[in-house]
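Residue numbering begins at 1 within each chain, and the chains themselves are lettered A, B and C in the order written.
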Amino acid sequence: MIWSKYSAPQAFYPLAGRLIPWFSVVAVALIGVGLYMGFFVAPTDFQQGEAYRIIFVHVPAAWMSMFLYVVMAVWAGVGLGLNARLSFMMAQAIAPTGAMFTFLALLTGAMWGKPTWGAWWVWDARLTSELILLFQYAGVMLLRTSIDDLRRADRSSAVFSLVGVVNVPIIYFSVQWWNTLHQGASVSMSTGSKMAATMLTAMLLMTLAFWLYSVAVILSRVRCIIVERESLPVWEEQPTVVQKVAEVR
Amino acid sequence: MLQAVTLSCRRGERRLFSDLNVKVEPGTLLAVVGENGSGKTSLLRIFSSLLPPEEGSILWDGEDIHQLKELYSEQLTYIGHLNGIKDDLTPIENVMSAMALAGEVCSRTAAQEALEAIGLKRLIHRLPSKVLSQGQKRRVALARLWVSTRPLWLLDEPFTSLDAASTGVVTQRLHAHLQRGGLAVIVTHQEVELPAERVQRLRLAG
Amino acid sequence: MSRSSMWEAVGGIVRRDLLLAMRRRSDAAMSVFFLVIVVSLFPLGVGPEPAVLRTIGPGVLWVAALLACLLSLARVFTADYVDGTLEQMVLVPQPLAVLVVGKVFAHWVISGLPIVVLSPLLGLQFGLSGESLGVLVMSLLLGTPTLSMIGTIGAALVLGVRGSGLLVALLVLPLYVPVLIFGAGAVTSSMAGIGGEANLSLLGACLVLSLFLAPWATAVALRIALE
C-alpha cells in the first residue's frame, strides 16, 4: 500500500520535498488571482462601500483556522490510535499555521469591524469563538513545549487538541446564546445570501490558495521536524553535496 | 507464566535494551540486576503494563497483557520505587485503602497482622505515616505482600532502606509465595537469598 | 470484575480522599477563602454603587468561583503522583475512567461544594434578591462539578510538568467559557425576570456531556503522564 509506505518519516521526507514547490507555486498564483478578483473585479457593496473587501482575506482565513484545527485533531487522534510517529509530527506542524490563520482572521475582523460597526472589537459569536480558538492553539503549542519527553509531549498535546475539538462548537453555540440574551441578534458577518458570483468565486479562490499555502508550509515544517527528531542527516542531498566538495578539492 | 517477547525499550534518545526475551515460570523469581540507568525500572514498568514497550510484547499465560487489560491487573501486585502510601494516613489505613483500591478483601486485623509480620509494632500502627522513617514507610508498603492473594508480584528495589532483619523477613515471604506457585519479578542490586533453582537472574547491560 | 467490586473501589477512593481532606482541613478552606477575598475586591475596585454591583454581581461571582475551582485543580492528582498512589490507581483491575469519576467527586465535595454553600452570602454583598440567589446556588450546583470534570483533564495533562500551575490555567480556562456563560447567564436572566431555566438546563447538559467524556480523556492523560 502506498500509504503505509509513506507513513514512515524517512520515506515521507523526500515525497514532501517534491510536493512543496508545486503547492507553493500554485498557492502564490491563486492568491494573486483571488486578490485581483476580490479587490478589482468584485462589485462595490452598496451598503459598506469598499471596506467590505477585507472579507476576501478574513473569511478564508477564518475557515482555514477552523479547518486546520480539525485536521490537527484528526492527525492527533490517528497518532494516539495507531501510535504513528508521522501523525504526531503532522499535528505538531499544523498548529503554528492554524494559529497564524486564526490571528489573521482576528486581525482582519478588527479591521473590518472598525469602519462597519464603529468598533475594533465586538463580542460577536464568531469573533469570540475565533479568539478562544486562538487560545486553544496556544494551549496545544505551550503544552508541547513544556514537556521535555517527546513521546509524552506528542500524546498529551494530542489529547488536548481532541478535547478542544469538542469544545469549539459548544463555545460557538454558547456565545451566540449569550449574545441574544445581552444585545439581541448581533450584526452578522455574512453580507447577505445574494452574494455576487464574482465575490463568491474570489472567496473560494482565496480559500483554495490558503489551503495550498498551508500544505506547502506544513510539509516543509514536517521536513524540519523529521530531520530534528530522527536525528539523521538531511537525506539524499547530503552525499551529493559532500561529493561536490570533494571534486572541487 | 509470564513471558517477554522481543522486548525493546527506548527512553528519550537512549535505547535501554532491545530484543529481550525472558520467561518466568510459576514458582520462580526473576531478579533483574544491572547498573543505574540500565533500564531495570523501565523493564519492571513494562511488565506492570504502566509503560508500553517500544517493540515486542508481554504475555501472561500466552496472552498479550495489553489485550487482557483489567484481567491482567487482577493477577498482579506492584510495589514500585515509590511507596504508594499516604503521609496523612496511619499504616493500618494505608494497607487497608491500598487493598480496597486493588479490589482485594482485607480486614483490619489482617492489616494489623501484616504490619506486625514485617516488624512494625502495634504502637506505630495508629500514628500518621509521615512520622515514620524511610525504612518503616517501605515496610508499610511491603506489608501488602502479606495480605495479597495475587499470583504475580512485581517489586522495584524491595530491600531499599530495610535493615538486615526485615530483608530476611521479606525474603522468607517471597520464598513462601514461590512455594505456593507464585511468580515474582524483582529489581534489585542485592543478592537474593533464595534457593538457586528458584531464581533466574537477568543482567541488563545498559 | 464484578460490578459490586467496581463500586467498592470507587467508594474506597472517595472515602480515602475525604478522610485525607479531614486530616488537612486547611486545604479545603483555602479555595473558599480565596473566593471570598476575590469577590470582596470587586466592590473596592468598581465602587460601592448598588446598581453597578447588581449588574456585575452574577459575572463576578461566577468568575471568582471559576478561578477558585481552577486553583484547587493542582491538588487533584499531584499528591497521588508524588507518593506513588496514582501508579497503584492505574494498575487497579477497574476501568480507570470510573475511578477518575470517584476522584473528581471527592475533589468536588472538598473544594466545589463549599463554594456552592457559601455563594448566597456573597450574593447578598452584591444585592442579589431572593429568587436570583436561589438560581445562583442552582447554577453553581450544576456548574462546579462540570468545572471539576473539565479541569481534571488539564490537571492530568500537566502532571509533573514544569510550570504546571500556570499551564493548567491556560489550558483549562478556554474550556470553561461555556459553563461561565450559561452559569452567569442563568443568574442574569433571573434578575431580568426572564427566569434562568433555559440556562440551567444547558448547564445540566454540559454536566452530562462532561460526565461522559471528561473521565475518559482524563484516564488517557493519566496513563500518558505515568509512562
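Simple rule for what comes next: a residue touches a chain if its C-beta (ideal position, glycine included) is under 8 Å from a C-beta of that chain, and two chains touch if they have at least 3 such contacts.
Model, not experiment: these values are computed from the prediction.
Enquirer: Which one chain sits nearest the middle, judging by mean Cα positions?
Expert: Going by the distance between chain centres and the overall C-alpha centre, it is C.
Enquirer: Among the chains, which is located farthest from chain A on the basis of C-alpha centroids?
Expert: Of all chains, B has its centre farthest from that of chain A.
Enquirer: Centre to centre, by mean C-alpha position, how many angstrom separate chain A and chain C?
Expert: Distance between chain centres, rounded to whole Å: 33 Å.
Enquirer: How many angstrom between the C-alpha centroids of chain B and chain A?
Expert: 49
Enquirer: Can you work out the whole-Å distance between the CA centroids of chain B and chain C?
Expert: 36
Enquirer: Could you pull out the residues of chain C that touch at least 2 other chains?
Expert: 227
Enquirer: Under the stated contact criterion, what part of chain C meets chain B in this complex?
Expert: The touching residues are 1, 5, 8-9, 12-13, 15-16, 19-20, 23-24, 79, 82-85, 87-95, 226-227.
Enquirer: Residue numbers of chain C touching chain A in their complex, please.
Expert: These residues of chain C touch chain A: 153-154, 157-158, 161-164, 167, 170-171, 173-175, 177-178, 181-182, 185, 188-189, 202, 206, 209, 213, 217, 220-221, 224-225, 227.
Enquirer: Considering only the defined contacts, which chain A positions touch chain C in the complex?
Expert: So the residues of chain A in touch with chain C come to 80, 132, 135-136, 138-139, 142-143, 146-147, 151-152, 155-156, 159-160, 162-164, 166-167, 170-171, 173-175, 177-178, 181.
Enquirer: Using the touch rule from the top, collect the residues of chain B that touch chain C in their complex.
Expert: Counting only chain B, the residues touching chain C are 48-52, 70-71, 73-74, 76, 78, 80-89, 93, 97-98, 100-103, 128.
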